[in-house]
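For reference, chains read A, B, C, D and E in written order, and residue numbers begin at 1 within each chain.
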Amino acid sequence: MAKKRNATILVAVITVAAVVILFWRPTVLIYGLQAAGLYASIAIPMGLILGIVHIVNLAHGEFMMLAAYATFMVCQAFGLDPFVAMVPVALVTAAFGFMIYKLTIRQALKSPELNQLILTFGISIAITQLINLSFTSQTRKMSFDYVSASVDIGELSFGIYNFVFVVIAILMVIGLRLYLTKTISGKAALAVGQNPKGASIVGIDVDKTYGFVFALASGMIGMMGALFITRSSIFPGVGGPFTMKSFCLIAMAGVGNIPGILGASVLLGISENFLKAFRGTRGWADIVFFVLIITVILGRSIKGKKA
Amino acid sequence: MILEVKKLETGYGKLQVLRGIDLSVGKESVGLFGPNGAGKTTIINAIMGIVKPWAGTVEFEGKSIGGNPTHMVARAGIALVPQERELFPGMSVADNLELGAAYVPRGKPIMAQQLEVVLTLFPILKERYTQLVGTMSGGQQRMVAIGRALMANPALLILDEPSLGLQPSIVAEVFDRLAILKKDIAILVTEQNVRESLKAIDRGYVIENGVVLLEDTAKGLANNPHVISAYLGI
Amino acid sequence: DTIKLGGTWPLADITGKQGSMAAQLAVEEINAAGGVLGKKLELIVIDDELKADKGAAAFEKLITVDNVDVLVGGMASGVALGQVPVLKKYGKVYVTTGAAASSTVEKAIGADSDWYFHLHPWDYNQGASYAQGWDEIQKKYPSIKIKKIFLAYEEGAFGKSSFDQTKVLFGADKRYVIDGAPFKSAAQGGGDYGAVLEAAKTFKPDLFLWAGWDADALPMLEQAKAMKFNPGIYLGAPPGWPIGFGTSKLSDNVMFYGMWAPSINEISPASKKFYTGFVKKYKEEPATYFAPLSYSAIYIIADAIKLAGTVETNALIKALEATKYASPLGQTITFTPANIIKHQGIKNQKILQWQNGRQEVIWPFESATAKPVYPFPKWK
Amino acid sequence: MSKLTTTGLTKAFSGLVAVNNVSFHMDEGEILGIIGPNGAGKTTFIHLVSGILLPTSGSITFKGNDITYAPAHVRSRMGIARTYQLIHPLENLKVIENVMVGAVFSKDKSLKEARKSAEAICAELELGRLERDTAQLSILEIKKMEIARALANEPEVLFLDEVMAGLNSDETKQLIATVQRIARERKLAVGVVEHVMGVIRELTHRVIVLEAGELIAEGTYETVSKNPRVIEAYLGGAA
Amino acid sequence: MKFKTSYLVAAVVAAIMIAFPTFLGAYPLNVARSVMTYMALAITWDMLLRSGQISFGIAGLFGLGSYASILAVLRGGMDPLLSIVFATVFSGAMAYALGFAILRLRAMYFSITTLALMEIFRIVIHNMHDFSGGPEGVVLPTVIFGGNASALYWLCLGGLFITIGASWFFEKSKMHLALTAIRNDETSARSNGVNIFKYLLITFVVTSAMQGMMGAIQVQSYGFTAPDTAFDANFTLLPLAIALLGGIHSTVGPMAGAVLLGVAAEWLKLKIPYGHLIVYGIIIILVILFMPQGIVGMIRRAGRAAGRAGKQTGANHE
């Protein structure tokens, strides 16, 4: 009961705030949402792995970077559009993720979780440097006309392409939610996440489930890598910051809370852009990300204590 | 014979626990008794593939399952109520029960039917159908664990100390239920509550120090002086 | 028996990678032409990993273990700072290709470090050179009029010092109105230019300058187009450009600051020699000015050793002070005093423009390869 | 005088009232049985008096001090110790160290003293080979270790949550005797939760019965076990 | 008897370490300083890890110490050596204040919060141009001890000895029981009288202070710092890797790990100028895969195996 009321109040406050911002500084809302879409759609696959396989994949951003390079090569070689190339690239990245799982992560599953963290740290170094050695640190970028698609409303002209990421994030959330709560295989994945021994006792193939989840998440991040090159330049270190950002967003949402990642991203995207819109607060836009994270986490821990 | 264990040896790390166990279960209910640390749970772990046998064989319905991965053993038709329950704490009672059957060929087709059986046996689970299992009391969780195993409609049901933490009236009901079930399926049960469980079993083994000390019918055990002094005192 | 040169560069970065490769090219060319003082040159390269402590340890090794005669190389200011104590301890001649941060590195080196030869312009050298350049360009092409300048700068040391220098050097006599806003570079995980471009658009600048990294180049243009942001001059100041930037339609008529471009081959034989040599040996294009700069450093050292007839420090310093090297950068390099240090090599930068996929030099006029296209065309 | 009393103690978990308005007392040297159906709130009640959970309302007094909201470690230092229904071994510590924890932190003993008293307590409980890892212990040994750890706190009040569950009758008999002896020698007040009626009958002086969070009956085992409400809700035909 | 020999070994090793400058050149001493800095950071990180708390904020406290020290000298005219003490106290005090808020967090929430705090320190320093020098950083007029290689080495060694001593004390005192109990089972710890918050706070303050101290020593030895140098993510990630490769929950583990990774990194760099970092990454992967208990764990196990006759083993599923 109380929970529901809180949620309603929250929604109301957010709606009012959104309307105010929309009329006062519409670009804050537009760019805030666009940033949020990108943050969320990169963080969600990581959240999936963390929630089920309990691994903080420090090579998450590197998987995306790898997929972006693959897309770049494919698009250059066959003249494809990334939106077409994303299908094969997602499949290949899924296979790559599965292979990484089989060869490394799986062997470390029985070790303490920290081992897996450092394992993925090693993987991230190896991948980044391998790409660096073969492609150099020089950046690459393909440019597509549709990326500059633009809308004019009165005085205001703004890019609309990046809303693609908002759509993708929403689709990911809905899709995963349906999968995890409505399908048996999804429930089995959750069960494995909570108690692998218990899961095997009821006939669930734990190893296969981990492998599948890892491949699924890798495929999703592979797709994001393909689309990432439409928006950004790529270079060996391009993925790194997104690993940290995703990790932060997941912590803000709470492990296992995938819709929460979207919520956290929107909160961050809009507040960042809000601060960036004013001369006096520009320098603080970066700090808001981290202050918000701490506030939300601390707030939740205090609330959790009380309940 | 539904289950046939021969010369089974195993242990943990370097520690040998079982030193050549022979036991069998037909369409009947068989008890495993013995002091703490005798190796009862270890026998069950070896059957389920949770630990790998070092030596000896495990056959289920005529096929060797020794060393098979746990999920394959479960799918073949053996359901386990583990001593430590091993539930999915963050999922509802409903989901825990559903997963008991979902991956087992024998259980899946008659899921609805089995659910009815479980909810009748433990009405509290119907009341708490959507509660997260992790927030339930110790005894309630034991009921979920037993219910989850029943959902699988197994050919062999293994219960590792099922009465642990259950209130007396429910203990009685569980053993009544086992007494009915044993007509259709094989049951292997370990118990410290020997007096209660003797009512539900046909035969029993006493395990001590990783070997079978004696084997007898329920009646025989009830009259065995060693059993009386060690297991039936209270 | 060889003359040993020891260099540190960040080898995992394109700047250091190509810088060290170009230096190696120069060494081989010199050796092929008979070496120096009858000896061959030998270049020992150690990765500084873009880390101050690694850079310092590398010099420590080059000096004490490898016993090199001259030090060379360098890129990041942060690494240079870490190396300063080691350099000062040994006082070995160092011809450096890196470090632009005057407020830290030049200060740390100080006025009496005679052995320190700094090829790369300091940040204030660059600023002064641009101010002069735009003055001259406006004089020569009266249609070009600049009053309002907006600087979008990446929030790190590079962007921040660019903004500070621009404010000082352009804002001094109130001829220009200057504003700016920081952004997080894509190189640091940023890449959202909406807010900063929005600020720029509101300011309506005649000259829009962004000081960021190559990763920002195309995405920023794309976003500018989406927002219909149309400054009179669209100018960038990245240290390098993404591969294939010129092939994008968006690149057309973008201006930029730089030190070297392949088009300089047309006006400088040294550049042509360097360029063809590099492409032939490594099968890749020099993509950063650190390549010709490091190449130059080796030639400057070799010439000085020849002149001094020894690698002894004092004689070598004397010889280096007499340097007059017609470099592949399209200008002759000499060492003159800077604000603090005694031996500053290059002081001016160039203003260039992307025209039909080529980087053309606009200013200084004596090395110009094309005329400026103005104004930056309106987005369609 | 009562060592420990509660008045109107209540704990609700978002809607579900697990402990409802329970007033009770425990006296020095008394062994009190706490029984009731699964989910009646017995474990929750122990969580409340030991400070692992804080109550929704009501109060707890220990030796005349109000400890309703005192942190768990403070209560332990004051003299309330307990074991857990679901075992809680400290698996990275040796058996002896597990027991020492109680003495070191509740009674501020030095490591040396703590080791000595831990060894004494283990000997009393017939728990041997103290340098083992906890993974090598059988259930009986783990339970003994947990009792030993609680005793190392040198408590005045001790709660045992289903420590006899999973023991055979031989072992149960032994442990009953041990608990009785310890309670007598140390003048301990002991609260015992068990579902095995034989244990309750043998061990306790007085019994309280919880059902759905409420205290529904109180008295000796004999009177309580004849209470029709207790029979219906709890014992069934098994009494 | 066994104790005596281990003390003896420790004393001999310490003596050799102190004597290094008499027979090692400037370059090995320079590399040793870097190894020792990471070693100290890894040890302090491990000390907190013994309570189960995984900090991702090492770089934050390291950077904070660096800036406290350099700014104290530059802006406050403090003696460099004294500024190291000041930075140590300052970092400890900061940790004390922050500890009240963040030590109630657990698992990844604690980790992320420490990471976020580090970023906040970095951004604040980044934005306080006038005081802190902003993104370009600040430079000292001179390096401590005039840059004497031996003196710098001993300074760093001193810092390392302090961390080793603290870690050893934690292992031998009741801190060991407290932290292990908290790591294993907080509920059980609480009901056995362990004041969890108190012990976490002590550990957090002590380790943070020592991380700040190492930052101060580093900054005085190089005479400059900048946000990207002081708060380099490597100061967070490498100590983790080092401790894990060496063996966690001990003092010798991180020490072994630091020597392995530090020497391997330097050697690889000289052997494979382009691409040595790939091999570095692969080493981390392989060690984790094939020595899950770290070097120390493996040596211990090998010792035990040698002690006993080879007996058949089965799969251990726990």
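Everything below uses one rule, namely that a residue touches a chain if its C-beta (ideal position, glycine included) is under 8 Å from a C-beta of that chain, and two chains touch if they have at least 3 such contacts.
These figures come from a predicted structure and were not determined experimentally.
Engineer: Need the graph distance between chain B and chain C over the touch network, please.
Structural biologist: Minimum number of steps from chain B to chain C: 2.
Engineer: Quick one: which chain's Cα centre is the longest way from chain A's?
Structural biologist: Result for the farthest chain: D.
Engineer: Tally the contacting C-beta pairs at the B-D interface and at the A-B interface, and name the larger one.
Structural biologist: B-D
Engineer: Could you find the chain whose CA centre sits the greatest distance from that of chain E?
Structural biologist: Measuring from the centre of chain E, the most distant chain centre belongs to B.
Engineer: Please report how many Å separate the Cα centroid of chain D from that of chain E, as a whole number.
Structural biologist: Taking the mean C-alpha position of each chain, the two centres sit 42 Å apart.
Engineer: Centroid of chain A to centroid of chain C, CA atoms only: how many Å?
Structural biologist: 36
Engineer: Can you list the residues of chain B that touch 2 or more other chains?
Structural biologist: Each of 12, 50 in chain B touches at least two other chains.
Engineer: Return the residues of chain C touching two or more other chains; collapse runs of consecutive numbers into ranges.
Structural biologist: Within chain C, the residues that touch at least two other chains are 12, 17, 155.
Engineer: Provide the list of chain A residues touching at least two other chains, using ranges where the numbers run on.
Structural biologist: Residues 129, 132, 197, 244, 283, 286.
Engineer: For the complex, give me every residue of chain B touching chain A.
Structural biologist: Result: residues 48, 50, 69-71, 74-75, 79-80, 82, 85-91, 95, 98-100, 102-104, 148, 152 of chain B touch chain A.
Engineer: Where on chain C does chain E make contact in their complex?
Structural biologist: 11-12, 17, 20, 45-47, 49, 51-54, 56-57, 60-61, 63-65, 77-78, 81-82, 84-86, 88-89, 101, 103-104, 107-108, 155-157, 159-161
Engineer: Residue numbers of chain D touching chain B in their complex, please.
Structural biologist: Chain D residues touching chain B: 13, 36-40, 43-44, 85-86, 135-136, 138-141, 162, 165-173, 195-199, 202, 234-239.
Engineer: Quick check on the complex: what are the chain D residues that touch chain E?
Structural biologist: The contact residues of chain D facing chain E are 50-52, 71-73, 75-77, 81-82, 84, 88-93, 97, 100-102, 104-107, 111, 135, 149-150, 152-153.
Engineer: Quick one: which bits of chain E touch chain A in the complex? Just the residue numbers, please.
Structural biologist: It comes out as residues 49, 54, 101-102, 104-105, 108-109, 111-113, 115-117, 119-120, 123-124, 127, 237, 240-241, 244-245, 248, 274-275, 277-278, 280-285, 288-289, 292, 317.
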